[in-house]
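Labels run A, B, C and D following the written order; every chain starts at residue 1.
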Amino acid sequence: MTTSPLLSVRNLVVDFHTSEGVTRAVNNVSFDIPAGKTIGIVGESGSGKSVTSLAVMGLLQKPAARVPQGEILLNGQDVLKFNDDQLRRIRGNQISMIFQEPMTSLNPVFKVGEQIAEALRVHKKISKKEAWEKTLHLMNQVGIPNPSASANKYPHEMSGGQKQRVMIAMAISCDPKLLIADEPTTALDVTIQKQVLDLLFRLQQEYHMSMMFITHDLGVIGDIADDVVVMYRSNVVEKNNAKHIFTTAQHPYTKGLLACRPKLGANPKRLLTVSDFMTETGEEKPVSLAKIEVFDKETVPDKSDEVLLEVNNLITQFPIKGGFFGRTVDHFKAVSDVSFKIKKGKTLGLVGESGCGKTTLGRSILRLVEPASGSIIYGGKDITHVYAEELRLLRRKMQIIFQDPYSSLNPRMTITEILTEPLNIHNIGASKTERIDMARALVDRVGLKVAQMNRYPHEFSGGQRQRICIARALMLKPEFVVCDESVSALDVSIQAQVLNLLLDLQEEFSLTYLFISHDLSVVNFIADEVGVMYAGKIIEMDKASRIYQNPKEEYTRTLLSAIPKGEVKSSLSSLVHK
Amino acid sequence: MKSLMPVLVGLVLLTIGCSKERNFDERELHLISPEKIAGFDPIHGSDLYSANEMGKVYEGLYEFHPFKRPYELVPNLAESLPNVSADGLTYTFVVKKGVLFRDSPVFKDGLGRELSADDVLYTLKRLADPKLQAKGWWLLDDRILGLNEWREKNAPLEASNYDEVIEGLKKIDGYTLQIKLKKPYPQFLYALAMNYTFIVAKEAVEHYGKEFLNYPVGTGPFLLDKFEQSNKIVYIKNPKFREKLFPSEGEEGDEKQGLFADAGKKIPLVDKIIVDIQVESQPKWLLFHKAKADLLEIPKDNFDQAVVGGADLAPELKGKGIRLIKNPMLDVTFFAFNHEDPLFKNVKLRQAMSLAWDRGEANKLFYNNTAIEAQSVIPPGLGGYRKEFKNPFVKLDLELAKKLLAEAGYPNGKGLPEITIQTRNDTISRNTIEHFSKCMNKIGVKVKIGVNTWPELVNKVTKKQHQMYTMAWGADYPDAENFLGLLFCPNQSPGSNGSNYCNPAFDELFRQSTILQDTPERSAFYEKMNEMVALDVPWIFGFNRTKFYLSHAWLKNFKYSEYTHTQFQYLNVDLEVKKELSKKF
Amino acid sequence: MKTNSLWKDSFKQLARDKISLISLLIVLFYALVAILSATGIIAADWSKEVGGSNLPPSFEHFFGTDFLGRSVFIKLIRGTQIAMSVGLATSLIAIPIGVVLGAVAGYFGGWVDDLITWLYTTFSSIPNIMLLIAITMILGKGLFAVYVALGATSWVNLCRLIRGEVMKHKEREYVQAAGAIGGGHFRKLFIHILPNVTHIVIINTSLQFQVAIKSEVILSYLGLGVQGEPSWGTMIDDAKLELAKGVWWQLAGATLAMFFIVLAFNMLGDALRDSLDPKLKGK
Amino acid sequence: MTRYIIRRLLYLIPVLLGVSLIIFVLFNVVAGDPTAVLLGKNATPRQMQELREQLGLNKPLFAQYLDVVRSAFTFDFGRSWSSKQEISQMLRQGAYPSLCLTIPAFVISTVLSLVISLGVAFYRGKGIDLFVRFCCIAGMSVSALAYILFFQYFFAFKLGWFEISGFEFGFPDFVPFIALPAIIWIVLSIGPDVRFFRTVILDEIYQDYVRTARAKGLSEMHILLKHVLRNAMIPIITYVVIQIPFLILGALLLENFFSIPGLGGITLNALNSSDFPVIKAMAILSSVVYIVFSLISDILYTFADPRVKLK
């Protein structure tokens, strides 16, 4: 290369000093971002990718974060040596940034237009009026409909996708040379994710910016990145041209990342995970070919034709309060006339974007929310109106695994307490030791260390916590489990492990799943049958492969097209080729 | 935010620069009232301080001579002392001619009309009006012929009928009236010098209704100018005040004190009186020190600053021309037993407790050694008090106390329950009981304190819900009857005999004495009763206290009186001296 | 490997902070003094005359003597017992009421919530000081009345906080999970939610404790407080009169004694909030 | 909005009923017979009986409760027992001096605290922050009584900077009288205020939008004064507005010590003289004001926080 890169990170080290000691968040990281190029930084949470980007912006929290070594050269000048004033002048002007959470990243008490104009006024020294006009222009550019009206809205009056567009407009307002996007789509619905990605890509081209795109999901950047930097445990393990990464990944971790994402088409019986490619110590290990053999669920014969669960015309509604004394004036139908059946041992997948009623449906079936009308027939028995003891007994048969592994475990209870609680409630097991033994067996089964059972949830990682949740749900030996977005909050690499675990358990305990997710590719991988939910109704339901190959509804097609195509460029065989 | 800074600075400057200039042209009298004043309705003012304020705007038929001691009644609105029939039952009064009520819109043309005998009759009936529940009703209760019946009769009515003529209250002519009593009542004239019987105008009462208490319309030497209930009261001189002259005689030694310098002058002598209502003692003391008050009743807490060795004025104050005025009060403090409590039927226990109390120490701690140990109920200065009389149980004798306690059946306090003494919730009351408790501990008597607001204490006493309580009694009028009555059986709670003491022999003597006029014979009766009851220790007698005032040099003609309410018209301010001395403050 | 509950974590963090450690030691010291005094091991003879009336501080009597010749120092110790007992009793009254009402209101919502909200709105709309004075006055003065009055006024704030927090927690998935495994209302509320809002009780109590101590002083000053026993408030009340005589040591002693414990509780309260409140984690 | 306001005002009814109930229980049921107090030391039993009748204390309890409720809704509190004055008149007169003292003191202390806490937040974690925080807490740990006794003695008496006590109606006559008590008020309230404001501001400083603002290249001061303050104002408004009802009640101890004839003094006096009608009136008045101001604070909330809509 003849021209010097726009940004050059050299041997960067970032340490965090806390009362507990020093943790190294970024270890000796180096990479370049050439002008006009997009570089993707990929890694799981805690790998140091976000810290790197904050270091570039000079936004590290001092004095906790310290940089003992390295330089960050922006056009040859070391950003790390800048004083506050110099930093301020480059921020928003030469480098700008988009964050993961559009919900909290905008100031809730100012109109979005003002917030965009503010950046302009700070750096461009233009009049209020000019700034406003530019703002409207920018909003138009990022695809916000009716900019002049939208500019006067407050953040809470906009949807998540629009907010992220506002963030983008703000970021590009001063024609920055470098745009840092830190997981800009993770918090958004799949359909919106796609649009935002397209927008970023388009703007990057139009404005000839460089872009640093941070994500945990290699698939996301497949389309837009020129180069990819893979980070693992504070280190850069691989950097290369995007094409090379997808076709001829070198590092086992990268391979694992590529392999772990379920494909829309055929998948192996179990997803490959990072641990298939790499030992605990980071050594590469060979992958058996059997593991990548494509497996077609539909070839497996049904074990029985028995229908375990039948839902008929279910309606669940929430009151809308209004009027003078806050009476209920109307109802919002979260679940509106839904019917389906699940056969024993099978998995029904439910997809739909947030707010479509899929979660309420799941909870209604478990009677955690009271349905308004319709019937739920479980094992041939109408359970729509059972109460007290009967309902309690029902809980032994039907369980749920929630989305957020952080909030679904009581932080003040040890794992042992959490797992033995269901046994206590239902008086299972003769003694305390017997109950602990039962818990121990299950802990072992879900892949956790028995020795850790006296710990508290906050001492575990997200994936581990989700395993605990699964273990809790299985303590009562249920027949039917609702998995409510159970893998959505996890990094892709962890997601694969948990999905595999769920499948293993299904086989072992003959479980029936209702699997709720917004991610069609995940549902496709795990479910036998898929229902697409939209505005409280199931609009389409069929075998998974048929939905994928031959969607009938427009909405289903949108969902399908929103799935990142990154993985298309690679194939499993290429990964194990060596 | 920035615009607030100037405001802030301005406020501070204003504060510092805003201390007012003193007025040296007008004769202004600056006084302090240590209590809030409820208002100016004479029939409701039951405390000294309300009386003080009412006495500035209202007048009674009689007043106590400002300088003569022992206290002597002299005519005020009355022409002279009344004509009393031989049986002591019929009194004939003549009111002065030409006395005018102050100008007020309640009168025709707004001009104050002349005082008449009707006003006196109206005033007395008003005191008896069942609708008003006057605090002074006890003065006339069961005294005047027909008045109680009138009260009964009017109680169920919507409004009391003042037009009805009562047998005991009769008008003779425009200025003459006759009052008939049911039985002899030697203290009757005192009643006519008290604030309850200050003469009010019917027109004003009717015009102002319930607001009457804020609009006094009287004949007094001053006019109420401004009344802020919990802040200050301002009076100005009554320009139409009748011809009343400064007296020229008094007690021996008054002359020397220069009290008669204004003799013969028309009173009032000052143009304006400003009374600051000041409850806390620290500000009171500070106000006097900044010469913003001319006269100060020394707050107990500041006593040591003002008085050296319990007798003499601190040199620092002397240098500023400040004078110390001290005088024994007509009062007695006591720890009363509830005689209905079987425990205190035991006279030896009472005596033992009385002997165990270290009065000397209490006097030092609480009265700066200025109080006199009370031997019995009657304080010095009243007929019935005998200086030579010493109560054998008013002294500190722990040995005897222990002996008596053992004889009472409680050797070393064994078997005696803890005794609770009810008192007020101020600091001194609390400290007093703490000290008392310490003393009682020495003979093994356990004493606990019960703290009350004044109303609660009164309530407990009237309802007999106490074992012991402590209080002080001040003379309503200078007659020992007012003190002896405190132990008279029929006066039991809710009457004034809060200790519920009953002694038939004493009661018999009391009954006989009450119909006697102020004669040596009556004094002998009083003496006998006083000394007889002392040995029975119905209370643990406390002290006859001394009152201390500080006065600035420019305040003239102040002489201590138990009955200060008519005192203020005689005061004067020497502006020259004030101007001169003010530099020192 | 050692395991750490959130509590342990928080207390470890607390123990590392020197200021809060000192505060904690001060509180413990006062508590020790109070216990020793209450059991009669020290300061039992506070009413004994140890010297003349109103002696200034000396080596013999650290804070001098009062008007009855009693040692001010020993009275201060006795006063510590009163102050700490007031704080403790107030908490013992306020915590159960506040926690139970707040939790029930927040958890069940509906008319139960309306009723409890009404109750505490009513209480909070009457100024505390008035309620305090009125209750002590009517119950008859004394330590018991002070306990009741302070308890009756300080549950309100706790109740409001607990209610809000319980409302938040009841929507959390771990509570839903407890329902899904068959747990009833009682289990959800008392076994799952309450332990997760306990930090509010602790923080609030540590701050309320010093408010109680301060209130006791004001009440005693108004003549409504403790009787027949030396408390800091009555000592300040005494001092009001003695100050003019130059007797400053009762005021100084009581103010100092109060200063340190209130300071310690304030510091501790702040530190507890920093370490226990999950919202402030990661600052 | 109007609906919301009306509904909230209607909430006054149950709260007033509750306040009446508390007052009724405290004063009509638990407290003793007031007649002995009203008639003075020489009262006759007959007179007490008559008075009890006149005051309606012989009525059944429920009827007495209704009397309390009636006065709560009509604001007709009758006359004070001790001063015999019309209570509504007393309240009107007492409100002026109380407000003269509390409003300036309140405004100054709030503004001052806000400025200090912004400064402290700017230098968070640094020496000055620790120092100011310590001063606040230390200041809060001294008894209010100690401040009053000392300030009055030192500044008013020794140095003579201020009037010792008393009050004059009318501006600027009252200024020298309220200056010192106002300063004591400020000293007393600055500690807790700064502590609260600082916490609120720091809570905001760690929010994501502040990071966004920094990423935009705004200066730290600009972020603090515009973005952070505006958000912090939301809890601050509630905190500040909800104190206002208590301003109207005046400052009990201060008014008492400085002889300011305000409502605080009236209340204390009433409590000391068992003047139940006045205490009842004050309790009712305060709860009405409290509800009204909590409503006002909710309405202000909507201006400060666009996310809140009142229904």
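The rule is short, and it goes like this: a contact is a pair of C-beta atoms (placed from the backbone, for glycine too) under 8 Å apart; a residue touches a chain by one contact, two chains touch by 3 or more.
Please read all numbers here as calculations on a predicted model, not as lab measurements.
Here B-C and B-D were compared by C-beta pairs in contact; the pair with more is B-D.
Think of the whole protein's Cα atoms as having one middle point; the chain whose own Cα middle lies nearest to it is D. Chain B and chain C have centres, each the mean of its CA atoms, that are 45 Å apart. A straight line joining the Cα centres of chain A and chain B is 87 Å long. Rounded to whole angstrom units, the spacing between the C-alpha centres of chain B and chain D is 38.
Chain A and chain C have Cα centroids separated by 46 Å.
Shown for chain C are the residues that touch two or more other chains, namely 137, 222, 240, 243.
Residues of chain D in contact with two or more other chains: 149, 153, 271, 274. Listed in rising order, the residues of chain A touching chain D in the complex are 57, 59, 63, 84, 88-93, 96-97, 99, 101, 104-110, 118-119, 122-123, 154, 156, 167, 170, 321-322, 324-326. Within the complex formed with chain D, the residues of chain B that make contact are 1, 4, 8, 11-12, 14-16, 18-19, 36, 38-39, 41, 44, 46, 130, 133, 135-139, 141, 155, 210-211, 213-214, 228-232, 276-280, 282-283, 286-287, 289-290, 292, 425, 453-456, 458-459, 461-463, 476, 494-496. Those residues of chain D lying in contact with chain A across their complex are 3, 6-7, 125, 207-209, 211-220, 227, 230-231, 234, 304-307, 311.
Within the complex formed with chain C, the residues of chain D that make contact are 14-15, 18-19, 21-22, 26-27, 30-31, 137-138, 140-146, 149, 153, 195, 202-203, 206, 245-246, 249, 252-253, 267-268, 271, 274, 279, 282-283, 286-287, 290-291. Residues 1, 3-7, 13, 16, 172-174, 176-183, 187, 192, 195-196 of chain C touch chain A in their complex.
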